[in-house]
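Read through the structure below, which is laid out as structure tokens, and then see the notes.
Order of writing sets the chain letters: A, B, C and D. Residues in each chain are counted from 1.
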Amino acid sequence: MSFFAAMRFLILMATLGSRVTVVRIPASIYHRWMMIWHLLLAATTLAQDTPTEREAAHDVIRKMGQLETSLDVPALVAKMTAPNADREKTAGRARELMEKELLAMADDITKHPEIGFEETRSVGILTAYLKKHGFEITPGVADLKTAFVARYKGSHDHPALGVILEYDALRGTKGPFHGDQHSAQGPVGMAAAIAIAELMERTHAPGSITVFGTPGEEMMPPVAKTQMFDAGVFKGIDVLVRSHSSPSTQRPGAGFGSCCLNIDGVKYTFSGAPSHQMMPWDGRNALEAVIHLFVNIDAVRASIRPEARIQGIITEGGAAPNVVPDRTAADFYIRYPDEVYLAQVREFTDNAARAAALATGTKVKIDNYGRMRDGVSSATLAELAFAYMKHFGGTKVDEAPGKPQGFDETGSVSSAIPGIGFSAATTNAPYHTYGMETDALAEIGHQGFVVDAQAMTALLYDFLTRGDYRAAVQKEFDGIRVLFDEYRDSLRKVYKNPEVPEPK
Amino acid sequence: MSFFAAMRFLILMATLGSRVTVVRIPASIYHRWMMIWHLLLAATTLAQDTPTEREAAHDVIRKMGQLETSLDVPALVAKMTAPNADREKTAGRARELMEKELLAMADDITKHPEIGFEETRSVGILTAYLKKHGFEITPGVADLKTAFVARYKGSHDHPALGVILEYDALRGTKGPFHGDQHSAQGPVGMAAAIAIAELMERTHAPGSITVFGTPGEEMMPPVAKTQMFDAGVFKGIDVLVRSHSSPSTQRPGAGFGSCCLNIDGVKYTFSGAPSHQMMPWDGRNALEAVIHLFVNIDAVRASIRPEARIQGIITEGGAAPNVVPDRTAADFYIRYPDEVYLAQVREFTDNAARAAALATGTKVKIDNYGRMRDGVSSATLAELAFAYMKHFGGTKVDEAPGKPQGFDETGSVSSAIPGIGFSAATTNAPYHTYGMETDALAEIGHQGFVVDAQAMTALLYDFLTRGDYRAAVQKEFDGIRVLFDEYRDSLRKVYKNPEVPEPK
Amino acid sequence: MSFFAAMRFLILMATLGSRVTVVRIPASIYHRWMMIWHLLLAATTLAQDTPTEREAAHDVIRKMGQLETSLDVPALVAKMTAPNADREKTAGRARELMEKELLAMADDITKHPEIGFEETRSVGILTAYLKKHGFEITPGVADLKTAFVARYKGSHDHPALGVILEYDALRGTKGPFHGDQHSAQGPVGMAAAIAIAELMERTHAPGSITVFGTPGEEMMPPVAKTQMFDAGVFKGIDVLVRSHSSPSTQRPGAGFGSCCLNIDGVKYTFSGAPSHQMMPWDGRNALEAVIHLFVNIDAVRASIRPEARIQGIITEGGAAPNVVPDRTAADFYIRYPDEVYLAQVREFTDNAARAAALATGTKVKIDNYGRMRDGVSSATLAELAFAYMKHFGGTKVDEAPGKPQGFDETGSVSSAIPGIGFSAATTNAPYHTYGMETDALAEIGHQGFVVDAQAMTALLYDFLTRGDYRAAVQKEFDGIRVLFDEYRDSLRKVYKNPEVPEPK
Amino acid sequence: MSFFAAMRFLILMATLGSRVTVVRIPASIYHRWMMIWHLLLAATTLAQDTPTEREAAHDVIRKMGQLETSLDVPALVAKMTAPNADREKTAGRARELMEKELLAMADDITKHPEIGFEETRSVGILTAYLKKHGFEITPGVADLKTAFVARYKGSHDHPALGVILEYDALRGTKGPFHGDQHSAQGPVGMAAAIAIAELMERTHAPGSITVFGTPGEEMMPPVAKTQMFDAGVFKGIDVLVRSHSSPSTQRPGAGFGSCCLNIDGVKYTFSGAPSHQMMPWDGRNALEAVIHLFVNIDAVRASIRPEARIQGIITEGGAAPNVVPDRTAADFYIRYPDEVYLAQVREFTDNAARAAALATGTKVKIDNYGRMRDGVSSATLAELAFAYMKHFGGTKVDEAPGKPQGFDETGSVSSAIPGIGFSAATTNAPYHTYGMETDALAEIGHQGFVVDAQAMTALLYDFLTRGDYRAAVQKEFDGIRVLFDEYRDSLRKVYKNPEVPEPK
């Protein structure tokens, strides 16, 4: 974290230098500057957390630089953000909806928090509003009670625009609360979707607009967006947008990555045989098994690269002290910066479980109930979104490009469909705090939500109406996906298991 | 278990032989026989489960034989059981109460099972009945909601007779059930208590009769009888009786011991420091601590005598896999045949917990929430109870004296106050089964409960009315207590910790 | 140990009683006495150490009693030990050899101790002497440098008599020493073998006499006698005798068993991959593997019957602290009273090793380098040997029959060929002490060695010359072997693995 | 490693840029460039391996930049390296000694490798040569048999120049070998020392020259240089030089640091109580203790910052499988990038040992037999040394400044006395290889050794003759030491132990 902060500082200085020199120093020098800048940029804006990853990514970084250079994103953004009254009008409609009705709705949802997969009241409010504005609702998609799809009636053509809504609250010690401001995502997304829908209606522009209600962002299992993606819910969508609250107006980097490492959520369940404590040899102890799952993992921590994070809890630890426990379970989050070595880490932890069962005469079931992976982030979308957030009044602007990460927390959707998250400043508090909930009801929250709604509308306007922009987005997205594959291939070559000879 | 069965077989043969030879072989031979018989008897009827214990008990066994010989229990029993119409009449009153009202009450309680410390309905029924028959109720004694004392009004003198009732059901997977037939103990005990109370009323015999309602026999913590004893509830009582269902009409051995080893119930609670999984070094992992409590205990299992039984469960194993667990807990039953070495075993397990905390940077709290210890069993009471159970029709008679064990499961009461449990055959099923619950409602149960009620009444009658019997009971009880102390002293000399030199 | 001591005490009393009563009490009483006596005898003289074993052996014990009763050993011994001048003369020749030459040779070997498999000097002395007395030497049998066979020239017929010699010294902290007096076994056995050889020569009695030099009794691997047996070295021998020093003149019990449980000696070797400490993830840690072999075994100690003894050491624990260890090894002795459950214990320990390898990404080799098993001991041989040892002046006589155990420490030979060990008192020190070495050179040692030599000669005389005796020995041996098989079958039914369902 | 490689690449590019721009772009731009360059330089050339360290070092980095800027090292180096015939002549004398005698001596020592603390032959050759050239030898200093001090006779004044020699070989599987070319360090250092001694003689320049023979660089314990330093052997010396073979001509960075983290070498010895395997409860198992030392460390690996490297071996793992082990030992290298957090890591590992003893009833001795710490490296010495190595023909020049690290492997000496190591390219093989030994005898080795000898002579010449240079060296050294202290203070504030509340 502090490492990236340090790197950003260097980049800012370099950027400053380059700007000054643009007009004064010869092209050859400028060219060198740019190379350095791109390298530094690439170094931070790719997902390479470890020396090994950075080494493996050497070529990919270079090609990513070439890709970005070829797209000339600054010029593209300049072109798109040129004055356009119609776009301003459409964005203005989103602001109007927010101010008249939707900020109040956001406040209401904030005050009635519901945790993941139980957001029935919130979903009722959102779908009623969408229905009223001409959207057709398909509830309970992908076997998720509080997931829904709302397609604007009659819209079916390409470009197919999608807006993702979230609405689940956090689990607090004092009950559910909206400490991550998901309460406002529904109103923000609906403001944009309705403004665009009305635009389509008005202009008969080809295209469609669909709203996706996605439950339980803060929980797994199930991994809602992955389950929806696997069920084909997002099929045919050309671009997806989403808003998310933030302590600053953020500028996502381009590339692939995730905020908090790639994650496997795994449950290990052991069965043994019960027996009275007086004759334990007639039983098989499932508690010893789950204990030795942990002990076995500890035994190989030093044999696993130090960037891994393996953490578990014991969810079932036996029923009574005078009976040999015959059923126990543990829940693990297993993380690594990249999914290639993560698979090796999983092999270690799964073998730890198998070994625990083998040693204790018990049996184990391994359930990989959830996966979080790198998503894709495009500069063509991110830089335009950033420009619009600033344009519409985003405060506390952070110019430094962040680590790239997809617009969805699972990576399932964002690695398959281009898209972007809008994060105008909406709070002075850190993530996941009661302060953030308070800010959702305050001026800072309201102001930021309206910025997000307008910026989202403006970007969707451009995507709907400008074929050149769509082409650039698609070109970049395809390019990054190819590089992402190249990167994983490269990692696969690096991460070899050491050879262990037969003992003599 | 099978070992003791085998030994009993030998004893029976020897006993048989001795009886036959009494009149036919010379005194010297008879003397030898008796020595062997006493040795064999002592070998089984004392609590010495291990070679070390048997060696330490060598002198105690000899003195126990002398004590029993000096009491001449068979002659005493023969004297007490001589025909007595008044005793029969009193016992008959107990049978009458059973048959008229109390078997039905037992059935009712059987059908409305309540687990330990929640037996409010059962206690309501029992105390109402006692009140109706002239007992004064003190509810909620010793801070236990469903414990009570019921003293027969006006009775306050010595001999002070006490009757222990139990009424808690088992915790079954399908809810509470009376698989140990505690449901009948209230009715049986009340029948005897009321019959004796009416006798006192009628004869103005000096003495008092008190009924003790003791909850939660099947659960700890709290250890109800110990808590009641420590609160002085049983103070001043001269003899205590209790019934308990059984698959056979049993003959308890004399001495000290427990059914299932001496037990310490201990809860180990660990506190650490929470931290997000991404930065676990900012936390201290309480789950690792509790895991290593188990691992540390396993590490010394081979250094602990093999008769120990140490078994635990993890009752709190962490809250969420992405947060370093900051609080965990384990619950252990720690058992050993004698309490002297049990203290050494506890030192091992407590050190295992302290070491786990030390190694993981966490803290531990050790809560020894319950203790089960050897109780005292007197032949003067046991042999008379056995004779009466046979007299009143006890079926499935097992003539072999069982391992001595006190009349209460904690040893707290039975090692301090003389007493006896009545166990006429009341079931064809093993302990702790649904079959036993069914039998409580059937003829076999009813028949045995009535036997217990009458035998209990008869023994209380003798104790109330015969000073010579009370003196013999007291002499034996005092003698066994002295030997019990001697035995523990002897063990303390045997169980030395090995000397460990400083490492060089 | 103390348990058996206690039981012996009871038996002695019973035995004493029975003798007295034989003439005085009626047959019915005597009969009961005898039943008890046999039961008690069986209880001690079989190898059943655990309740489960005793239960499984119930029928076998009964049949063993029937077998022994049918043989009427006391009568057989009385018949054999009747005065016989020729036998005395033959035994006298053995004494003469001892006194003239062989005690001096024993002293010499005592003073030049050589540890197992390095006894070249001792073997040289012994074989030279045998050669001089007409034996043909085959050195280095069964691939053991210091093993040999010495067959008396021309002798080839049945009955084939065999004498086992041992000569290895103990490994002391100050070098090899004869703290177990194996130094005298060669001289004792040779005295008997030569006396018998000369008898054959003189009488032309059919039969043969062979001396077996067996190295390394105190060491494994290799397990010398098992290796010799497997190589067919003892093929065709009808009876084997051996002497062994002892603090008392001992009376071995009849049946099957071993002194110190059945044993598997197992070496576990792990291989990993080396790596510098700075990058341990490029290696696989074989030290963690061997550590977790121990930890895994500890994890199931409570799931293994408490009579097991599993103890190991780490013989290779890594080479340098800054390199991930790529090779480690542990050496275990795994013991259980019977070989049937021992196989289950081995499955636990082998799985502990496999699990350790699986969890750590290493590989394991399992080498069961040695096995010690129950041997067979026959009353027809033991009681006659005991009678002769007393006859020739054995001191410090212990009348109580010991736990049955074969005449060889591995059980390989003694469970296949009838035989007996002679243990007249030769020392006042415990086994494996410097005191025992000193006594080998003193009067107490010399006196006992001469007793052993004569008793051995006398028994071999009887076996050579008396067909009825040979038949009785064979009948008992065959009977015990059948019962041994029955016992193991019975155990196999008892020791079931608990069923473990698939986890849900 | 690859991370630093990547950073160097960036720096090289930036450096290249700056050179070009120096003459073309305005001062303001140049100034910015320089700031960036210094930041980047600082980022790599300080010892901050972790984000936390870099954060803690923020101010120190800035001040280090100021210090280096104030010294204007490039100008200093330019001034010192200006043509000087006398210096060239002196360096030429060193070359002459190498070519005439000392390369042959190096070859001889290479061919007669001796491992650490056994280098008697090598020391004999070196001291004889020094004696012949007027040095007075003090052998066996600091209780180290193969350590020595050789002071040039009559020289006693300041500046006091010191030359460190090493001569130990590596421990190979096939015996000792000179795979790190220490064999040449004696000749190289002596060539310089004698050339300077002759200069002093000739010019009567005030000052002294002392040669330090330091054994066992590749081994501990003992940590030879620390032991010598603590014994005052280096007292009063103003500058120390040393050569070391290298695959390239290296340019050490300025600051403080170590090649391979700060290290504590610790031996943990456990004592228990022995007992036969049959009665393990009479013993205390020291093997379980050492095993649980490892297991306890594994339990907290996730609670320790991931840059730690903790690796151990079991050096004593028990004597025999049938005896409870009563003595075991483990040897650990414990590493962390800085010594402040290393102390916390040590607390974890020491507590792991204490907890293992507590849990197993054994005792532990903790012996911290060796410490390796950050040393100080000065640009005033390093840049001049680098310039001279290039001047005298150093090949395979690596212009990128390396991570700063002291001239001695322990840090004890280099953090107290200014000094520098000379590393001209002398091999094509990696460190610690047979290839490196071969190269010591080949042209590439010989050529490099002669470069080192001359460069060392030249730098000593400057230090001896130029007060301004000495002042600059001292100023930098003092400044870095102050910053080093500041850095450690800053770290002490960062590394807090988490608060653990009492469990409730």
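In this section, contacts are C-beta pairs under 8 Å (C-beta built on N, C-alpha and C of every residue); 3 or more make two chains touch, one makes a residue touch a chain.
Worth saying up front: this structure is predicted, and the values here are computed from it rather than measured.
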item: Intersection of the contact lists for subunit A and subunit B; value: C, D
item: Relative to subunit A, chain with the most remote C-alpha centre; value: C
item: Inter-centroid spacing, subunit D versus subunit A (mean Cα positions, whole Å); value: 46
item: Cα-centroid distance, subunit C relative to subunit D, in whole angstrom; value: 62
item: Between subunit D and subunit B, distance of the C-alpha-averaged centres to the nearest whole Å; value: 72
item: For subunit B, residues contacting two or more additional chains; value: 280, 288, 291, 295, 298-299, 302, 306, 309, 311, 324
item: Subunit B partner contacts - residues on subunit C that touch it in the complex; value: 1-3, 6, 10, 13-14, 16-17, 20-21, 24-26, 28-29, 32-33, 35-36, 39-40, 43, 51-52, 54-55, 295, 298-299, 301-302, 306-307, 310-311
item: Footprint of subunit C on subunit D - complex, ascending; value: 260-261, 265, 277-278, 280, 287-288, 291, 294-295, 298, 309, 311-325, 330-333, 335
item: Residue ranges of subunit B in contact with subunit D within the complex; value: 269-273, 275, 280-285, 288, 291-292, 295-296, 299-300, 302-306, 324, 327, 348, 351-352, 354-356, 358-365, 497-504
